[in-house]
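Have a look at these structures, which come just after this line.
Heads up, the next two complexes both have chain A, just with different partners, chain B and then chain C.
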Partner chain A sequence: MTAASLPLDSHGNVDQLYIETRELRLQGFLLFLVSDCVLFASFIFAYLYLRNSGQGWPPPGIQRLDVAFAAWNSVVLFGSGATMHYALENFKHGNFMRYMWFLLATIVLGAGFLGGQAYEYTHLIYGEHVTWWGSGIFGASFFTLTGMHGMHVFIGVCYLTVLVLQSAAGVYTRGKFFGITAGTLYWHFVDVIWVVLFSIFYLL
Partner chain B sequence: MNAALIERLGAVIAGIVVGVVAFYALYKDWHATGVENQVFKLMLLLLGIGAILALLAGLNVVGFAPKG
Partner chain C sequence: MAVAAVSAGGIADHIHPEPQGFVRRYVFSLDHKIIGIQYLITAFVFFMLAGLLAEAIRTQLLNPNGGFVAADTYNEIYSIHGSTMVWLVIIPMLTGGFGNLVFPLQIGARDVAFPWLNMLSFWIFPVSGLMLFSSFLMGAPTAGWMEYPPVSLQGAAGTSMWAAAIFLVGVSSTMTGLNFLVTILKMRAPGMTFTRMPLFVWGQFATAPLLMIATTALAAALAALFINRVFGVPFFDPTKGGSPVMWQHMFWFYSHPAVYIMILPAFGIISEVLPTFARKPIFGYKLIAFSSMAIALTGFMVWAHHMFTSGLAPFLQLPFMIITFVIGVPTGIKIFSWTATLWGGKIHYNTAMLFAIGFVGLFTIGGITGIFLAAIPYDLHVHGTYFIVAHLHYVLVGGSLMGVFAGMYYWFPKMSGRVLNETLGKLHFWLFFIGFNLTFLPMHWLGIEGMPREVATYDPQFAFLNQFASYASYLMTFAILIFFVNVIWSIRNGKRSGPNPWGARTLEWQIPSPPNYYNFKHVPTVYGLPYDFSQPLPYKGLDEELTDAPPVAAGAH
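What follows is the complex of A and B.
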């Protein structure tokens, strides 16, 4: 560990507590992501079970979801995963301004994805009359799963906004940036969950 | 040019860019050690796969996009 990458406390001393607890924080955060995976997995398996127990999919009277817009919206979210990865890499290498730009790009792309999802919901509810409450298993599972994922993206956007503010205030240093690592892990997680949701709702 | 075609075109171009970036990042981080880096590698791989799926959906190879 070089002098520049040593974690320091607010008095400029080496933060021994941070060094000792970082691995535990990481394990705790990964455990949180695993528990979130289990939550999504239970809903996804319930959806797949119900889908395969019925006669044909989607149910009669409901159109197939439009994959063109979903594909575009998906790459917006996947792109945000790439920008978040490079935000972390730039922070690790001391390129603070690049880090900030990549972080802001991630927030914009995440918000763009949410906007796309809101557009799709509006189109489905008002254009095709597919609702959460009135379209049987299809509507319930689609809106529950994508809504739950959207909530995760929204929380992620809020988290990243806090990261921008904290970074601008100098909270993170080259030796002490677990918050940014956790944010990157979380953002990759919401990306990966969307890979699964995109596949089961639009491609299968 | 209708909206569906523009969306599919966007998905194809952005899918290629994101896929290349994800796999390049994975290639660069391949020898990185530590728990978080292993998780990052797994997630970058899945991100790359997601980009490929979006690219294929944009090309109308998978999924059911309306013809544009």
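What follows is the complex of A and C.
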């Protein structure tokens, strides 16, 4: 461990507490993601259960979802996963400005995904009159699961915005950046969930 | 350079300055020992409330036509009784209560991994309890603790409150599980390998992932029920394509692991008490430890055995039946290991030991009726009858609650520095043991003869056994009153215990009672199992001076 990569607190002293709790935080955060995963898994189970107990899918009177638009929107989200990866790598290698630009790009792409989802929702609700409560199990499962995912993306965008502000204020140093690691893990987690949701709602 | 000090000290070696002032010390405390006691006190308050509800149930059933309360009120009473006992009494006592209080001491840690999260977990718990009881004001749920739709969809507004309250207490459980898991994985004292951990720690280690994973699944089910009731999103509404049976899947996917959440820590308590008072190494240490993990794992694969009457396809029923039988194997391994621990031991019949031995007997009865119920033909016959009530009370009262009492008598000196009164304790045990069996044993017969559970009135042919059970239940309640009197009396007047009144060998007994804020002056090195009574203690370095790690401001985690 070189002196340059030691975690320092705001007074420039070596941050003992951080060294001692870094592993705990990482493990705790991973376990949090596991239990968040179970939340999605339960609702995915509910969706598949309802889907297979009814009269075919989509239920009578409801059109198939528009795959093309959602596919482009997915590309936006996966692109944000790539930029987040480069943000973390650049931070680790000390390229602070590149890190900031990649982080900002991630935020923009994440917000773009949310915008796309908002457009899709509007189209479904006003164009095809599919609602959360009024369209049987289709509306129930689609809006609950994608809404939960969208909420996760929204929380992620807020978190990354905080990261930008904190980074600008110099909170993170080369030896002390668990906040950025956690943000990256969370963002990739949200991406992976979307792979599953996209497959079971649009492709299946 | 400070790096050297860090690598020498390690994670476990941090000493925080003790907070001054009543609020930081006893109310919003970060200390796992205080939080454990807070959990226990709160859970015992809810235990009294739910116990009163239980007596209301038994008083109603004194008479075949009921008459003590209206039928709707009766439905509310047993629903809240069950919900409270499961989520606000047994689970918080065994995980948040004894878990917090004991296992960080047993692994030689100075606190849990995330003390602030621990405080948050605790404070969510009484709030959700108040929410649950406030549902009485707006029409409490009436479909039992399982809240099956469609009845739970038709219930009054209190059912939504119920769902929100249980969701919250679930969040608290999830955080506790996460916290405990990280603590056990990362914060054991040097030399405390997995196969040197005390069995209570193994119990918590098997429970923590269940708390984390299963409770989140319950959260999903409750959220779905909530939005179905409040926004009309038809997850469980069959008229709009939803499925009430899906609730049963989602609910039992949590609630079957939950029965192991309620029993695995109690197994841990028993595995500490039995060798201590038999003065003999525990028989089959590794078998007991690994069978807990086996139970936790297979516990996720058997949920549909609660649903044999719910129209499950026969090719699905069979594997669920077989895996349920298989769970009997690790459980049987434990029972035999405990019995073998007693065999040839020099048994001290303290109250804690009486409760532990009572546990082994009563839990065996509850476990064997569980094997009955796993058999599909038998289950079809007694499903929804008092046989189920008898079975679950033998497991949860004869098992978990006896474990809680054993733990209370065993660790009360560690909490307070005083021993609970033995005379009152033995009176408590015998009255409770006799009252419990007289209350719940007759229910097996009632169930086989077909008396349905969760109904406010019953056929007059069942009158004698019901009245018998009701009078016996008053005896049980009286025994619990003795326990409360004992606790309150002993806090002030009990015999001073010293650090180790039982001659026990786990780490928590090698430090003062109650322990200092920082638990260990010096984190010890562990050399072996804590159960070899003929050997010297397997700890080194306990009496060295305070570690000279620099203090960090409290709450910095």
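By definition in this document, the second predicted complex is superposed on the first by the 204 of 204 C-alpha atoms of A that agree within 3 Å, B and C clash if a C-alpha of one lies under 4 Å from a C-alpha of the other, contacts with A are read in each partner's own complex, and residues count from 1 in each chain.
Methods note: a contact is a pair of C-beta atoms (placed from the backbone, for glycine too) under 8 Å apart; a residue touches a chain by one contact, two chains touch by 3 or more.
Everything quoted here is computed from the prediction, not taken from an experiment.
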First, second, both or neither for A:32, with chain B first and chain C second: second
Which of chain B and chain C A:108 touches, first, second, both or neither: neither
Contacts of A:136 with chain B and chain C, given as first, second, both or neither: second
Which superposed partner A:54 touches (first chain B, second chain C, both, neither): second
First (chain B), second (chain C), both or neither touched by A:46: second
Which superposed partner A:200 touches (first chain B, second chain C, both, neither): neither
Which of chain B and chain C A:20 touches, first, second, both or neither: second
Touching partner for A:144 - first (chain B), second (chain C), both, neither: second
Chain B and chain C footprints on chain A, overlapping residues: 23, 27
Touch list for chain A against partner chain C, complex: 1, 3, 6, 14, 16-17, 19-21, 23-24, 27-28, 31-32, 34-36, 38-39, 41-43, 45-46, 49-50, 53-54, 59, 132-133, 136-141, 143-144
Residues of chain A defined as touching chain B within the complex: 23, 26-27, 30, 64-72, 74-76, 78-79, 81-82, 85-86, 89, 181, 184-185, 188-189, 191-192, 194-195, 198-199, 202-203
Contact footprint of chain A on chain B as seen in their complex: 3-5, 7-8, 10-11, 14-15, 17-18, 21-22, 25, 35-36, 39-40, 43-44, 46-47, 49-51, 53-55, 57-58, 62-66, 68
Residues of chain C defined as touching chain A within the complex: 1-3, 5-6, 9-11, 14, 113-114, 117, 174, 178-179, 181-182, 185-187, 212-213, 215-217, 219-221, 224, 227, 231-235, 240-243, 246, 249-250, 253, 549-550, 552, 556-557
